[in-house]
Amino acid sequence: MDFKELITWLIPAFPLAGWFLWGLFGKYFKGISGYLASAFVGISFILSVILFIIVAYSHGFTDTLYPWIHAGIFKAGVTAVIDRLSIIMLVMVTGVSTLVHIYSIGYMQGDKGFSRYFSFLNLFVFSMIMLVISDNLLLLYVFWEAVGFCSYILIGFWYEKKSASDAGKKAFIVNRIGDFGFAVGIFLLFLTTKTLNYQAVFSMIPSIPAYTVTAIALLLFAGAVGKSAQFPLHVWLPDAMEGPTPVSALIHAATMVTAGVYMVARFHVIFSYSPAASEVVLIVGTFTAFFAAFIALTQFDIKRIVAYSTLSQLGYMFMAVGIGSYTAGIFHLISHAIFKGLLFLTAGSVMHGLSGELDLRKMGGLYKKMKTTAITFIIGGLALSGIPPFSGFFSKDAILADVYNKGFYFAWAVGEITALMTAFYIFRLIFLAFFSESKLDPKLHVHESPGIMTVPMIILALVALIIGFLGIPPFNDSIFYGFLHVDFQNAHIFDPIANNAPWYFLSLISVLMGLSGIYIAYILYIKKAVSPEKIKSMFKPVYLLSYNKVYIDEIYDFLIIKPLLAFFNFLWKVMDVKIIDGAVNGIASAFAGFSVKARKMQNGLLMSYILTLSVGVAALLFYYFVR
Amino acid sequence: MSNYLILATIIFTIGAAGVIIRKNLIVVFMSLELMFNSANLGFVAVSNALNLVSGDIFVIFVMVVAAAEAAVALGIAIAFYREKGTADIDEASELKN
Amino acid sequence: MYNNILPAVYGLNLIEKSMLSIIPEAVIILFAFLVLFLTFFEKLAKSKNPYYLSLIGIGFSILYVLMLSGRDLNGFYGSIVFNSFEVFLFTAILFSGLFAVLVSKDYMKNSNMPNPEYYSLILFGISSMMFLVSSNNLIMIFLNIEFMSITAYILTGYFKGNKRSTEAALKYFILGAFASAFLLFGAVFIYASTGHLNLYEIHTFLKNIAYGGLIKSGGGMGINIYLTAGLLLFLTGFAFKMSLFPFHSWTPDAYDGAPTPVTSFMATGIKLAAFAIFLRVYTLIYNFNIINFNGILWLLAVFSMTFGNIAALLSSNVKRLLAYSSIAQAGFILIGIIGGGFYGYSGTLFYLLAYIFMTAGAFTIVIIFENSDLISLDINKYSGLGYKYPFIAASMSFFLLSLAGIPMTSGFMGKFYVFSSAVKSGYNWLVIIALLNSAIAAYYYIKIIVKMYMPDKEMLNSSAVNSEGAFGIINGAVSDGLIITIIICLFFTLLMGIYPQIFINFANNSAASLWKI
Amino acid sequence: MTFFIRYLLTILIFFPTASVLLLLLINKKNEGLLRNLSTFLALVEFILSLYLFVYFKPDTYKFQFVEKFNWIPSFGASYFLGIDGLSLFLILLTTLLTFISLLSSYKYIKENVKEFVILMLLLETFMIGTFAALDILLFYLFWEFMLIPMYFIIGMWGTGRRVYSAVKFVLYTLSGSLIMLFGFIYIFMMHYNQTGNFTFNLLRLYHTHIPEGLQILLFIALFLGFAVKIPLFPFHTWLPDAHTEAPTAGSVILAGVLLKFGVYGFFRFAIPLLPRASFAVAPYIILLGVIGILYGAFVSIVQKDLKRLVAFSSVSHMGFIILGLFAMSAISISGSIIQLLNHGITTGALFLFVGMLYERMHSRQIKDFGGVAKKAPILTTLFLISVLASVGLPGLNGFIGEFLILIGSFRYFPVYTIVATSGVIFAAVYLLWMFQRVMFHEITNPEIEKFEDMNLREIFTVLPLIILMFFIGFYPIPILDRIDPTVIHFLSMLHHYRNSNSIIKLKTGLSNV
């Protein structure tokens, strides 16, 4: 293998090695393991940057490490595809991971599971890398599940906490439900195309009847819904906040949850050949975006607020890929990864400062105490609410513009309203946490986080500041589009540009939305012109609905979990023990009864013996003569 | 000859009935003898009818055997009487089930 | 097979042939009398001489059987035949007799019963069985059945002053006499319908009728009725000896009451002889197209198996349990006869041989732990034997598994043989029923194994392990005769299970000579 | 050496027996020697069996290491051995698991060590013989006598209602096998009637011509024998009892090897002997299998006893295997075979871990545990790996098998396959929930406080299995290569019956999409 293939395989190799090392010999490494782990991931970041340059100035390639499975006509190898899409993802993943690793060194300081933490974090990075570069659906599925496992184990990292291990289990199982659809999709795809290799599949898609394509696309999308926590499988993500905050930053904001978007983009051929499926993607995305933002309005747990905002941002991305503007989707994916990672890290730093306090109602006035955190957080917030010149503005605006121009006005309107809500809840958080009068309990010693945590935050903030400019000039002549679009050449364009409104008009609207959202928050929480309580009482039912997360968990628990458990108990206690095994034992006892009867015949009386005998003779004679 | 055979059958049946219904040991033995002798009658009749000799030989053998059996029977009967103090065969009901 | 040292037969005249044909029986009877005479001399009677003497006698007899093997003799005007069929069965009978003698030594001593008569009776029994097997004439059959039965009656009641023993003898006697009366009466009808007493002659006669179509042309109707009645009654007599349902009722009580060596002897020898002679009679005079007897045998087999197994399921007395199981086994053996044909008959013989060894083995172990108080036969007494007497318990388990028909044992091979013969001639349901039966049977055989190896704690103290004065155990050690018996049985059971070919050949030879007329 | 290779199978079969004879000479008191020697001998056996793998030619479907001697000419039965890709790996699995279970029971088996090791080695003989036999009578001999040692192992060293379970196990299986025996005899006689000579040679009996209606009846006969062993859904109730009460080693062998015989029997006997019937009834058997998958999973979710849970989980797993086998596509059958090995490895490991937990806590009730992870990190990690393998997490062995089975079966039985796939979700539910309740949370039961981690022996006991999990998960090619010719040949034997039965499939609405 030549140089580029070598580094292709070195990129995942380092985190994998890291996993083995810290996993097996963690207790000999003690504290060093954190630094080493970060170094390993850093190396693969550098390597992927190198690879990025190579690919940027040449063309993509695929390389097989070894043949993995072949049975009958089924063949799959461990193969990597390196094209612009995967390389961008690669750089993003490794980059964010590196920063989060460094941050974690400070955050997890002195935790007894230090090495364990880093080994699993490395394993996650490895799996994510493989997921991104895998060249066939089987391999994709493998690491699709592998990242799920990593998130399971990392959410439940503090396994003594019941809530934590419950959350982990919930995440795994809900993902499994999505993956069930994904797997069936793969089966159907294999049945129709007899292969799982991307290129082969894509080349066959145009010749496949539309309804089959739609079925495949929807089934695959089910997997994406699970992984990217879209409605109705979103329930696991908020609970996942039980895990350590850096984990939330890396897995549940930047990388894993965006795998769904990546997958849809990667299979753009399939989706673009099935308008219906794309429609579904758009609808789900739009709904989730709104729905999550609505819930986020009234939460008080900062991590949960950020988590719900993640949901709604993912909704935006699905809107993008749903209307077939994949570059926009990926662009938002990247920028979101940056600023959402930033928000989580800062939130973590707040926690760290307040020694684990998460409730907004017990915060306030933190700005003076922890400046760096506050500033970086605000940058993140501005990016999230799409205020120029922060990255969020460019990426989100690109999506909304495309949505508008392709003629999905309703979706566009929803998007804009969601933007308003987004701006509101994030600034509600900022104001309550950093500015309004302090409600901390005095004996709590609030302190700024150490440098090892703040530096990554600052770096991310800077990136969030600049990365947006990849998105200019707007629309299809932007740098990013120009770079990435080559991978989406063979996508089937199914809806023409309905109208091309001038970009400044659309941007203006969304910026206004953002600003107004901030302003409302300002009025409510800084100026106290209207007390939140009044509004709360005004829209009591709406408020409760939002506050209780639309009761989704309760509904699931009541409609699905409880009846199933009852049914299972019935199966075991009645079906198995009583009916089946009862039948078996029943036969046995029946024979026992016969035995007693049979031995009654042997009653010891000579008379009856002779009688039996002669009856026997009589019967014999009867058998032949009378009959 | 069939008439003889019918007669023999009747005697045999009487003997069997005797074995079945009578309780006293000795009577049971006698009924057994009756059964044997009905067979003898049959043999004699048949060999007479088919003017063969083998039937008569058989009869002699049967008589011998019957004698031997009677000896054994009485031996057992005495032993039984010693232990149970009665000759009622319903007493013999220790072995059961 | 022709490796005998006697001069060729052809030179001999009729008498000499006849004499030659009964040498093995004659030897046994000779020794029986010798043993009997020992009673006149106090000292000799007390000592172990009768035991050794009878062993020697059996040894000689086996020797003569081997010498005569391969010859085809019939003496006394065709009423005694001797050919490879007899060779096979004599060997089997002598083996069962050998076991009966071997296991009796210490049993007799511990239950202080008079020695010589006992042994001579055993020997007489053996000889009577041999005569029965080789008899080829209604007279001889009746005579020998009675001879055999009488010895059996006496032996059953041999426990002096023991209620159970006497009662068993009484029941056995009355039922036996009753049954043989039926047999005799059947003979009358057969005689009436055919006019012959020699089986071969009856055979030829019936063949002529059957294929000369006399039956069809109404003239033979009377014959037909007589014959049917005769054969049925005759069958009854045999069924009684083979302890088939519903003529089984003597079996549990007689087996239970008799001294265990005698039980073993009855279970092996008498059953064997009865089946053998029935096999001969059946092949010679039953299976013509006059009447279809397979139907009746089918019923008998099914009933015997089912009744035997089901009755045995819960019985807690080992001897009775084995008695019931022997009823079931009789049903299984009958399947071979029903299956019929060369294959089926050799299968039956094979099964009979296998049955001798496994049953004798099982009873031997029962003897070992039997004890002056007769409750000792309760299977709970066997709790935990597996740990005190590993070898004996292991062999017991092996015999039981063989009875249950688990592979690697002769029992499986025998079952397989007869079942396949039945399938061969299309009796599928019979085989299926039989298979289900052997599944049921497995339960009670395994029950004993459970007791031996997986005892529940409270049973342990009532176990034979720590109870004293077991008949088979002389100051702590199991006595040699029993051990020898067990080893022989074990050897054959295993060999017949793993490499049965030798025995199959043996059985084939004897089955082949069934038709030799 | 050539001699050695030529008679390798015989050597493999009878080496344990020889070891038994050797062990018989050792004094009962000398337990240490007995344990070590027997384990060593089992290890030697395993190493010997590796020669099979080395000298196995992967490029032919023909039976290899064939040995044939007359045994019972008058039944046409012969001592006829030979292995193909399937039996090769099953034999390897057997030898490995025997070694492991002997190693695992150093602490568990306290009394009657001699009997125990002897029975284990005896059992090994019969298991290998069953896999190697190509003569039906020989097969049946090994097949059925195998019950006896297992019965003693459950009954003598079991817990709780051991006797009940042991007897239930024997009777259940025995009744099945006896009906099966009838089927064999019938086919045997059928062949005799057609060709006029007795033979039990499997390869000859394959050519027996049997009309379809009869085939179905006979198939039912054989089915009963094999279905009980597997165990298929309605015949499974012996399994939980036997598993629960058996000692660890017993459960490992039971789950690891004995359950395989049913599937092996279908593959080697039932389907090739009665191809028409097997195609005709395949939908119904698959239905049972799928019911088994869900049923096993559902019932395990609510179990309170660890071993019982694992037992029911193997009902569920065997369902997958049946689905793959009877879907009769090359992919799914290879998947089933892989899954056979996986189930042996994974479930074996699970039982070992449950055994370790039991040795420490003397309880199998899930509620008595909780927070073990804090005390025993190694145990937790390795246990977690096995659990995930059983869940079918990609990268571990379970995934390969399940995925191949499902993707292969989807072609012929899409509906059933989809239902079966949902079983994967429930597998995650019951195993992870169990794991969480046992390993995580705060320590509630004070007993746990003095819970010591795995010692070196225990680690070595499970290590081979763990390694295999990863190996098969990441690089199954060596196995797939060797079973592929077998599977292809298997299908080529059947393939012209498939179309003749497509009507039946259509009737049951299960034809190809």
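By letter and in written order, the chains are A, B, C and D; residue numbering begins at 1 in each of them.
The definition used in the following text is that a residue touches a chain if its C-beta (ideal position, glycine included) is under 8 Å from a C-beta of that chain, and two chains touch if they have at least 3 such contacts.
Predicted, not measured: the structure shown is a model, and the values here were computed from it.
Visitor: What's the overlap between the neighbours of subunit A and those of subunit B?
Guide: A chain counts here if it touches both subunit A and subunit B, which gives C.
Visitor: Name whichever of B-C and A-C has more C-beta pairs touching across its two chains.
Guide: Here the pair linked by more C-beta pairs in contact is B-C.
Visitor: In terms of CA centres, which chain lies closest to the overall middle?
Guide: Chain D is the most central one.
Visitor: Once you find the CA centre of subunit A and the CA centre of subunit C, what distance in Å lies between them?
Guide: 79
Visitor: Nearest whole angstrom, what separates the Cα centre of subunit B from the Cα centre of subunit C?
Guide: Taking the mean C-alpha position of each chain, the two centres sit 26 Å apart.
Visitor: I'd like the Å distance between the centres of subunit C and subunit D, where a centre is the mean of that chain's Cα atoms.
Guide: 43
Visitor: Just curious, how far off is subunit D from subunit B if you go by their C-alpha centres, in Å?
Guide: About 65 Å, centre to centre.
Visitor: What positions in subunit B touch 2 or more of the other chains?
Guide: 16, 19, 89, 92, 94-97
Visitor: Which positions in subunit A touch two or more other chains at once?
Guide: Within subunit A, the residues that touch at least two other chains are 599, 602, 604, 606, 610.
Visitor: Can you tell me which residues of subunit C touch two or more of the remaining chains?
Guide: 170-171, 174, 178, 252-253, 315
Visitor: Using the touch rule from the top of the page, what pairs of chains touch, sorted by label?
Guide: Taking the chains two at a time, the touching pairs are A-B, A-C, A-D, B-C, C-D.
Visitor: Report the residues of subunit C in contact with subunit A in the complex, numbered from low to high.
Guide: Of all residues in subunit C, those touching subunit A are 170-171, 174-175, 178-179, 182, 225, 228-229, 232-233, 235-236, 239-240, 245-247, 249-250, 252-253, 291, 295-296, 299, 307, 310-315, 440.
Visitor: Going by the contact rule set out above, which residues of subunit A touch subunit C in the complex?
Guide: 591-592, 594-596, 598-599, 601-602, 604, 606, 608-610, 612-613, 615-617, 619-621, 623-625
Visitor: If we count contacts the way the header does, which residues on subunit D are in touch with subunit A in the complex?
Guide: 168, 172, 234, 236-237, 295, 298-299, 301-303, 329-331, 334-335, 371, 373-374, 381, 388, 393-395, 399-400, 403-404, 406-408, 410-411, 414, 417-418, 421-422, 424-425, 428-429, 432-433, 436, 439-442, 474-477, 480, 484, 487-488, 513
Visitor: For subunit C, which residues count as touching subunit D in their complex?
Guide: 387, 401, 406-408, 412, 416, 419-420, 423-424, 428, 431-432, 435-436, 438-439, 442-443, 446-447, 450, 453-454, 456, 499-501, 504-505, 508
Visitor: Enumerate the contact residues on subunit C facing subunit B in the complex.
Guide: 138-139, 142-143, 146, 150, 153-154, 157, 161, 163-164, 166-171, 173-174, 177-178, 181, 184-185, 187-189, 191-192, 195-197, 222, 226, 252-253, 256-257, 315, 320
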